[in-house]
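Next, two complexes with chain A in common: one pairs it with chain B, the other with chain C.
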Partner chain A sequence: MLSNLGNIFVIIALLISFILIFFSLREFKTNNNLIPGKIFKFSLIQLFFSISSFVILLIAYIFSDFSLVNVFENSHTNKPLFYKISGTWGNHEGSLLLWINILVLFSTLFLFINKNRDKNFKILTLLFQNILIVIFLIFLLINSNPFSKLFPIPLEGLGLNPILQDPALAIHPPLLYVGFVGSSIYFSAALAALISKIDSRSLAISIKPWVLVSWFFQTVGILVGSIWAYYELGWGGYWFWDPVENSSLMPWFVMTALLHSILVLERRIGLYSWVIVLSILTFTMSVTGTFLVRSGILNSVHTFASDPSRGLFILSFLMVMIFYSIFIFFKYAPKENKQFRMFSKESFIIANNWFMIFFLAVVLIGTLYPVFLDTITGSKISVGPPYYNLILAPFLIPLLFLMTSGPNYKWISSEVKSFFNLVLVVSVTLFLITFFLIQENSFLLNLILFFSIYLVTQTLFDLYESLKRRNINISRIISHLGFGLLIFFIYVNHIFSIENNFNLKLGETKKTTHHIIKFDNLEEQSVKNYKSIVGHFSISDLKTLKSKELKPEIRVYDKPITITYEASIKSNLFSDTYLTMSNISDTDIFNIKFQVKPFMNFIWISVLLLSLGGILNFFNREKNEKN
Partner chain B sequence: MKKIKYILISILFSFLFIILYLSLDNEKIYNTQDLIGKKISEVEINLFQSNRTINTKELTNNEFTVLNFWASWCGPCRDEHPNLVRLSKIKNLKLIGINFKDNKDNAKTFLKENGNPFDLLAEDKDGKNSINFGVYGIPETILIDSELRILKKYIGPLNIKEVNEIRKIVKK
Partner chain C sequence: MKNIISSLLLFFFITSVSYGNEDVTDQILKNLRCLVCQGQTVSDSNSEFALIIKSVVKDKIKEGKSEKEIYNFLSDKYGDWILLNPPLKKNSYVLWFLPYLLFILGAIFLFFLLKKPKIRP
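This part shows the complex of A and B:
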């Protein structure tokens, strides 16, 4: 029953998309200045059916309706309700439906709340958006239908992959999807702007909120994914340059570039074509990310069960999309001849953009090169952290410097400012203190630390200045502060992290340079959907003589049978103590991974600050637009 | 000019499409079994106890050599260790242990506790040398002949069946 209803709703949503495409094309040719009411009505109906189809899938998951193949493959009656719900998007088919829902939701919202009066621009955005919706709905129906039926109906489902049964991971995909799919709106709007020839300020105002929202969700999505990796994967790291992590980072670079370019566009100083290129590139990167994750061409903790036909569909769509976007761009892009003054705010923003594009290129090459090499020569290589650290780290220095100086330059000016000021003195002093505390010898690391301190100090000075003048650009200040702190804490964390690997038997004690680790007890527990072996470890710090107890777990999930290793993390404000254990088969020996990771909470908070700045800009938008 | 631009872009995207299309059918699991029959590459490996290095070319002096990649932190390595001790008793076979991404003291304690079956002990502190042997995880064991050709490759801990297999090959 639910299966039929779901299919019917999806088909209705598809038909309405065709109707909207038809109306949009017809409206585009008329001289009427108003968008007819029926387009609004049809958009709402489309949204209703699209959301309803998702709700039906959700109900099927909550009530464990195994007549749906998708529910049978990814759920189980014993699963806690929370994970039954998150299971809806924990698989390819369900998450694609969620993808489409966000696409439809954004398309409708754009139509209703966009303030731009240009009818053709709105109609064309709706047209492109509906073309995307049609393509993804057809993909859903013929290749990845979450409503496919199963007969005879099984009594039990196969269960959700246990490593996905985690609160952070339950919300990680929807957050990223809002970021990914949110970029579709400015992709469509950019193409529409080219054809309808709207002016730069209208374009900037139309797409800015969407860029901010998608950037915010993308940032928070990446953060939550990172936190999940830290807690769940049990390696003690939070970023692995895994190809799939990279595919969420690539659109983030472009979004960040776009976010800054729009500021220039808003003031009619230029970059019209560049903003269009970035808008197209962001969505292209989002679809590329989707392709990489879902086609299965990458080997990663994230990959969905692979299916080459699925990959072929997304790949073909991606290529056609890029091809048509380039075609429209070349056909309609206006010629621009803007000269920027060297020491003006806009040239700093352009420099920021080039850095972002450089970072994008580095990550894109690192992600795709192994795939290309394997296909062309058959040899397998893995590109890992050393490559990224080697290439990206030195470029953080000029980027941090630009972020420090740029915001204090004026628009369309070429006034050179002196760098020798109080901020520099304070920064150097703070750096020297840090240097004596850390005593790190690497020149590059010290430079990065200095420039991150410089950025943080400058931003705090800016905050003080703007509070005094009551002219606060709080969003920029918070974001840049967050970024400066992030880089600082990432490197301090890197320098001070301790890692020990060793084997222990129950009752044994291990002494490391700074700690004594005692394996006190082992206990078996039985929870609703898994059994677990809990180890009790007491950790004494040799310096402070304080002791704490850590309880790592080995969980054995029954549906499907999977073993996961749960890290035990004791976290205080400044430092995390991290312990995982794994058993060695047929022995009573356990392999212990013990880590001390300083400032982890500060890393998370820095990213939160960074994203908070973005969302504050969203709410301050109206005020800024009037200025 | 515009035509050339379109042609160039079309060629670029056709290339991208073809490569990504072909990669859809690639074997995703990293399989090093296809290295069997190939010669191992010539590399310098650091010795464990001294600052000397050894070139893989020197292994041509041995009739058969087993290269075993292990670490003290690796649970399965502990599992397979008795089997390595069994291998060490075969006469025309030299055993080389390559200690992988390990702490020296831990490695020494490991050998003290479990016995040292290796004729020669080398180390690969950052795991870079092991890449030359197609090793991406440990334990892994490679059997080579005097021409440095890979005869067998065992991914994961050696079991008794595999020890007997090696024994058979060496005795031929």
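This part shows the complex of A and C:
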């Protein structure tokens, strides 16, 4: 029953997309300056059916309706309700439906709230959005239908991958999808702007809220994924330069570039074509990311749903999309012949773009090069964290420097500012104190630490200045402060992290340089959907003589049968103590990974600050537009 | 000029290798892919494969082999796929140099885009 209803709703949504495409094409030709009411009505109806289809899938999951293949494969009656709900988008088909829902919701929202008076621009944006909706709906119906039926109806489902049964991972995909799909709006708007030839300020104002929202969600989505990897994968790392992580980072770089370029566009200083290129590139990167994740051509820790036929579809779609975007771009792109003054705010923004595109290129090359090499020559190579660290780290220094000085330059100006001021003196002092405390020898690391301190100091001075002047727009300052702190804490964390790997039997004690680790006890527990072996460890610090209890687990989930290693983390403000244990087969020896990770919470908070800036800017937008 | 470039390259290379304070064995294990796992390093895995590699690396260190010799030994046996830090070879020139080339191209582009400041009298 639910299956048929779901299918019908999806098909209705698809038909309405065709109707909307037809209406938009017809409207585009008329000279009428108003969008007819029927377009608004049909959009709302489409939104209703699209959301309803998702609600139906949700209901099927909540009531464990195993007549749907999708529910059978990914759910189980014994699963807690929360994970039954999150299971809806914890698989490829369901997450695609969620993706389409966000796409439809955003198209409708754009139609209703965009204040731009240019009818053709709005109609064309709607047209491109609906072409995207049609393509994704057809993909859903033909290749990845969450409503496919199963007969005879099984009594029990196969269950959800236990690694995915986690609160952080339950909200992680929706967050990232808002980011990914949000970029479709400015993709469509960019193409529409080219054809309808709207001016730069209207384009900037139309897409700015979408860029801010998608950037914010993308940032938070990456953060949540990273926190999840930190405590769930059990290795103590939070970023592995894994292909799937990279594919969420690639659109982020372009979004960040776009976020800055829009500021230039808003002031009619230039970059019209460039903003359009970036808009197209962002969505292209989002789809590329999806392709890389779903096709399974990459070896990753995060690949839970992959199938080559999906990859082929997404790849063909990607090719067509890029081809048409380039075609439209070259056919309609206006000629711009702008020169920028060297020491002006816009030049620094262009420099930001230069770095963002460079970072994007590095991550893209690192992710795709092994695939190409394998296809062409058959030789397999790996590109892992050492590659990215080696190439990217030196470039953080000029980036941090540009972020420090750039924002204080004026628009369309060529006034050179002096570096020698109080901020530099304070930064050098702070750095010397840090250097004394850390005593790190690496020149590169010290440079990075210095420039991140410099950025943090500068932004704190800026913050004080703007609060004194009662300037409400502090979004840039908050974001840059967040970034400076992020880089600083990542490196301090890196320098001070302690890691010890060793084998222990029950009752034994291990002495490391700073700690004594005692394996006290081992107990078995039986929980609703898994059994677990819990180890009791006491860790005493040799310096402070304080003692901690840590209880890592080895869990055996029954549906499907999976073994997971749950890290035990004792977190206080400044430092995390992290312990994982795993059994070595056929012995009573356990392999213990003991880690002390300082400033983890500060890393998370820095990213939150970074994203907070974006959302502050979103709410201050109206005020900024007036001045 | 050549000396400056090579010493610069060496400088970045050294700083990246001397990252952090883990001992050499751990550092090596972190740069090896666990071939039977999904995207894990040997250091992070407890699969049989990882355990074997761990003991092999420990033995080689005891024998007094250098980091480079160990990487060479492992890549001869398992192919370059096991090395997370791709070695600079004919087939990885593009991988290592294309990013820098793109960065320089960007700089040239910016050079023409930006007007030089006029000298005020």
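Keep this in mind: the second predicted complex is superposed on the first by the 624 of 627 C-alpha atoms of A that agree within 3 Å, B and C clash if a C-alpha of one lies under 4 Å from a C-alpha of the other, contacts with A are read in each partner's own complex, and residues count from 1 in each chain.
Keep in mind that, in the parts below, a contact is a pair of C-beta atoms (placed from the backbone, for glycine too) under 8 Å apart; a residue touches a chain by one contact, two chains touch by 3 or more.
Being a predicted model, the structure only gives us computed values, none of them experimental.
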| Taking chain A as the common reference for superposition, should the pair chain B and chain C be classed as clashing or as fitting? | clash
| Which chain, chain B or chain C, is in touch with more residues of chain A? | C
| query | Can A:L312 be said to touch chain B (first), chain C (second), both, or neither? | reply | first
| request: Considering only touches as defined above, state whether A:H494 meets chain B (first), chain C (second), both or neither. | output: second
| message | On the A-aligned overlay, A:M1 touches which partner chain: chain B = first, chain C = second, or both, or neither? | response | neither
| request: Identify the partner contact of A:I589: answer first if only chain B is touched, second if only chain C is, both if each is, neither if none is. | output: first
| query | Looking at the overlay, what does A:F323 touch: chain B (first), chain C (second), both, or neither? | reply | first
| request: Considering only the touch criterion stated at the top, classify A:S382 as touching first (chain B), second (chain C), both, or neither. | output: both
| request: Would you check which partner chain A:F358 touches, where first means chain B only, second means chain C only, and both and neither mean what they say? | output: second
| task | Determine, under the contact definition given at the top, whether A:N503 touches first (chain B), second (chain C), both, or neither. | result | first
| said: One more residue to check, A:L437. First (chain B), second (chain C), both or neither? | reply: neither
| 9-17, 45-53 or 81-89: stretch of chain B that collides with chain C | 45-53
| message | Just to be sure I follow: which residues of chain A are touched by chain B in one complex and then by chain C in the other one? | response | 299, 380, 382, 501, 582, 584-585, 591
| remark: chain B partner, complex, touching residues on chain A are 291, 295-297, 299, 306, 308, 311-312, 315-316, 319, 322-323, 326, 330, 371-372, 374-376, 380, 382, 501-503, 582-587, 589, 591, 593
| request: Could you please specify the touching residues of chain A with respect to chain C in the complex? | output: 233-235, 237, 240, 242-243, 299-303, 338-343, 347, 350-351, 354, 357-358, 361-362, 365-366, 369, 373, 377, 379-387, 389-391, 393-395, 414, 416, 441-445, 494-495, 497, 499, 501, 582, 584-585, 591
| field | Parts of chain B lying in touch with chain A, wherever the complex brings them together | value | 2, 5-6, 9-10, 13, 16-17, 19-26, 28-30, 72-76, 78-79, 103, 106, 136
| query | Residues of chain C touching chain A in their complex? | reply | 11-13, 15-16, 18-22, 26, 30-31, 33, 38-41, 43-44, 46, 48, 51, 79-86, 91-92, 94-95, 98-100, 102-103, 106-107, 110, 113-118
